[in-house]
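Multiple structures follow.
You will see two complexes here that share chain A, one where it goes with chain B and one where it goes with chain C.
Let's turn to the complex of A and B:
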């Protein structure tokens, strides 16, 4: 039986309660009759032989690009850059897709007699990956072959010697990227395209760039004019990256882009109920839910967090494209939409969402309040094409405990941002104008970014900017079950129950509002008509 | 007429110390303080004048004494029995002469500069400190024509502000206050003078990061003094660690640039100073730190927040504390006390000398600091008053005072 497409359910009297993620826990909420629940499409069938599919893609590239073997020759400098720990979510079962792709590329390089090969984690201003994380992404064979000899490096956006300024775009944007990547004869970029936003020129222009470049598009103005990030043609974020990508190409950097898509199989069997629609839960699903909830409700949050972060997703590859950046990305985006797209008629007054324990920026870490805001308003709010799921002036209700808790190793500047910036203003423009530069240039954050496993000092600003479009669009944000102090610091309102939250929302959207719940993850992209 | 009197009684001091373990001021009922009938004190000389208190504040040093927590250092420079109360606004019912030799009519409203230096003690020639205007540092507070006592409120001969029978003040101690002042403004002059002296002791220069630990009355007034007297000539950033929400709000109103809870202070100072961190300690830090608490914890924190060769000003009254002084030695930190008042160099930078009290009176007037008086009690409710003062920050109060205008009147 082929996988079923996404589905919009209208809640009626017989509809069972709806499952909401609530951090490391779950909540069952009875939504008002007439509410809509958007379910993701079922996981697509994976490619039967991923290795063969990858090799096929490398040999038959898309767009104006030669097959990979034709680009390889002895004596050349080859750099392979790849996505960092932020993808996929949750981290996938071994073998990771990056390992599969890079092994094929390395096999071809070896066959062509290429000796000078380096691997670079394209982490931009994200935290450096740990050895276990790198081993997981690349496999032990690649790690052991490259890391001990210094041929596996992590992009350092604060090392002036490791960066090269390629020039300015026609809009005056600095393009500064990793020197090794820029000065290689061939740059192969290996993507995991979890959502439509990922990949394209954004891979190199963002993943291998510096603050000097990123500040041109990671700012409130760009984010407000990206509607949405999932729709490249209406995303100023993408426009800026595409301008930069063109300049990178004009500078003589040859990029061989490899993009991959995954199916929606995000949770393994113990959590199989997360993949199903509630009215289709069987006895086993109900028992699994009750059991998991009972255990999680009695488990301290930190322990529950550890349990969840050990979850490995049974994601499988559904497509692989290689070749010229734009041609590849066009096909990739189509494939992402095939897996995640759900047509939705019209907007809603209230959009509800259950936020899970994980986002791209807290793998093996804490989803701190800033990341809660970013996950809800930066990511889930933007999972649309056409128009936002929620109307202008509408309300987003998020379910998450939102603890006032941070990982000081991963997110040191987040703590200061939360304590010292959001206590003064939550306006993204004022935040940027008043505080960004001092955080971006703070030597302590730079030190921790370069030598530890800390996100760059400016990163919490970017998380807040991701929210800028939603903050401008919405009439209010309510967090169900959130720590009131943390929620208020974010500028949102806290509610104890979903019923209370909906009642509070009516102050802003009027009586008898329409309500839509985005039932994710697994991920979906709403095509709002 | 009633007065609150502190008697030398070791058992009562011990009992008070035990009771104060449950909260500052809780030992009032069992401690050395008693409400007794009193008669007006005798004037020790012709240049002394009788003062009828209107309001008299409860200071941290009063609480420390009554809690049995103050240092034995003071034993020989106080005399028993004494009437506490050195923050006083009152009336010269029979008139008098002020510190500048001006005659004051009967009914004049004044505040007193309580330090009992060489001049009120009729010691001639005065010690070097008094001779140069720094009476707070007087070497003769145990000598002369009156009993030992570093200030009015700790001297057996002068009486103190916590008395309906009044007190006596030497002309050199008397400062008239403007008619526009409320009584509450007046009672804030003395603590404000302490804060002015502290702020001007800091040696703050333009561009400095300044940290204030503690936002009780003394901390808040230090913030105000920094804002009005220091920052105009030396633009600087004042970061404050304040425990309670109302304190944080008030600190911002008084001119603090950044106010955070104490557990966030190190991060705030690190951010402000662009410092790195080693082993949980800042490599740089604040240029000047004002410790307005005076505890081992606050002093330890001050030493951890100040930059190498920075300056820690101890404003809050300490007692015997145990502190690791290694950073003071290793980082060549200057630790300096700031006690009371006397004369100050002009904060504008010229060499003119000003009485600290004159600067304080101006500051109280410009910022209407009388608003910081949060509650006033009659003497008969002294136990409540002291308990309130001991938990002022937690209860959203800044300064608690005794109201002698209405001996049985309502509190506010």
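Let's turn to the complex of A and C:
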């Protein structure tokens, strides 16, 4: 049976309670009659032979690009850059897609006699990956061949010697990227497109760039004009990256882009109920849910987090395309929409969402309050094309415990941002104007970013900017089950139950509001008509 | 006087009765014990017992606007019986067959087994082809098989009857090692499965008539079953005649009547060089008819009639239905059954 498309369910008396993620726990909520629940399409069938599909893509590239073997020659400098730990979510079962693709590329490079090959993790301002994480992403064969000799490096956006300034775009934006990548004869970028936002020129122009370059599009103004990030044609973030990408190409950097898409099979069988529609839960699903809930409710959050971060997603590759960046990205985006797109009629007064334990920025870490805000308002709110799911002045209700908890190794600057910045203002523009420079140039944060496993000092600002569009658009944000102190610090309101939250929301949107729930997992993209 | 005493004395019994009367007046008459037990085992009651009557402890309701898909049922020909041939299941089935099915079959049908001397273990795996008049035929035949065949035999059962519901499929796959077959035609899937099982050393019981006799006469053997498999695999066919089972449990009956039965095994038939399915099918039918004749007369007389081509056919006379029934031998009455301790005989039952 072919996978069923996504659809919108109208809640009536016969609808069973709806599943909400709640951090490391789950909630079953009975939504008011007349509410809508958006369900994602079922996982698409994977490619039967991924290795053959990758080879085919490398030999028959899209757009104005030669086949990869024709670009490889002895004596050349080849750099392979790839996405970091932030993709995919949750991390996929071995073998990771990056391993499959890079092994094929290296086979061709070896056949062509290319000696000078270097692998770079496209971190941008993210934390450096650990050895186990790299081994998981690349496989032991690649790691052992490149890491011991220093040919597997992690992009350092604060190393002046490792960066090169390529010039300014026609809008005056600095383009500064990794020197090795820029000075190579060929840059192969290996990407995983989990959502429509990923990939394209954003891969190199963001993943391999520096703060000097990133600040031009990672700011409140750009974010507010990206409606949404998932719609490349209406996203200022993408426009800026495309301008930078064109400049990079004009500077003589040859990029061979390889993009892949995954199906949305995100959780293995013990958590299979997460992927199903509630009325289709069989006895096994219900028992798994009851058992998991009973155990998780009695487990300390830290232990539950450890369990969940060990989950490996059974994602499978649904497409791979290679060649010229824009042509590749066009096809990739189509394939992402094919998996995640759901047509939705009209906007809603209240948008509800259950937030999981994981976001792109806390793999093997804590989803701290800033990341909760970013996941809800930056990502879930932006899972739309056309118009936002919630009307202007509407309310977003998120379900997450939002503990006042941070990982000091991964998120040191987040702690200070939460204590020093959000305690004074939550206005993204004021935050940017008043505080950004001091955090971005703080030598201690820079040191931790370069030598430890810390996100850059400016990263919490970017997370807050990520919310800028939603904060401007919405009348209010309510967090169900959230720590009141942490929630108030974010400028949101805390509610104990979903019923309370809906009641509180009516103060802002009026009596008898319409309500829409984004049912995740799996991920979906709403095509709002 | 008596009435005033009983009204004036509040004995425990009368008080209890009064309480029951009041309770019934309030709640209506109490349901029978069985219904109450069943109600206690219902999922909703279990959920209530553990503190909730709601999803997810009970099954979810189905939203009205969502079309309910046809449940994917792996029944009929698609039912996978491989589990029933694994060792733990075989062991459990052997226990069932030897300790329950066989004694029961002996008790109810008192089989007189003949012709086993013609069956050698060197012939295994074989195809047992028998006439079919009753649901009793399969357990009886299984019970009568020699030990070296009994626990390594599968039964070809009609997929539309024995495998149409999941519970039935589970039950018959376990208890009889049944495999689903298409009874009206040669189905590639069922033929392949049967061939594979014969190749793996499993014996096969098949009823070439394709169903139980409606009137007591045979229905004619279909060449698609035993003969086809024998030609395809080269395995011998053992003709078997079952007599008397219709008297125990005829088609459409709801009760069992204890009667003596006879199970006659014939000599294994091998497909001859160049023999096609149709010819072999006819030979099998003739062999079973010979066994029937042998059962109703004696071996030598039956052989002589066979040699002269006058063996009575299994299918009976080609006349009106009532005359076909009329020409059958009358069923033995209950009074004629043998006394078998500890159960009372039919005569005892009628007199006592």
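Note that the second predicted complex is superposed on the first by the 529 of 529 C-alpha atoms of A that agree within 3 Å, B and C clash if a C-alpha of one lies under 4 Å from a C-alpha of the other, contacts with A are read in each partner's own complex, and residues count from 1 in each chain.
Criterion: contacts are C-beta pairs under 8 Å (C-beta built on N, C-alpha and C of every residue); 3 or more make two chains touch, one makes a residue touch a chain.
Being a predicted model, the structure only gives us computed values, none of them experimental.
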item: Simultaneous placement of chain C and chain B on chain A, clash or fit; value: fit
item: Chain B versus chain C, judged by how many residues of chain A each one touches; value: C
item: Touched partner set for A:415, first chain B, second chain C, both or neither; value: first
item: Contacts of A:442 with chain B and chain C, given as first, second, both or neither; value: first
item: First (chain B), second (chain C), both or neither touched by A:279; value: second
item: First (chain B), second (chain C), both or neither touched by A:172; value: neither
item: Partner chain(s) touched by A:10 [first = chain B, second = chain C, both, neither]; value: second
item: Touched partner set for A:148, first chain B, second chain C, both or neither; value: neither
item: Touching partner for A:289 - first (chain B), second (chain C), both, neither; value: second
item: Angle at chain A between chain B and chain C, C-alpha centres, nearest 10 degrees; value: 120
item: CA minimum distance (chain B, chain C), superposed complexes, angstrom; value: 44
item: Residues on chain A lying within both footprints (that of chain B and that of chain C); value: none
item: Chain B residues within the chain A interface of the complex; value: 258, 260, 264, 267-268, 270-271, 274-277
item: Touch list for chain C against partner chain A, complex; value: 54-57, 59-66
item: Contact set on chain A toward chain C in their complex; value: 9-12, 14-17, 28, 277-281, 283, 285-286, 289-290
item: For the chain A and chain B complex, residues of the former touching the latter; value: 415-416, 419-420, 423, 438, 442-444, 447
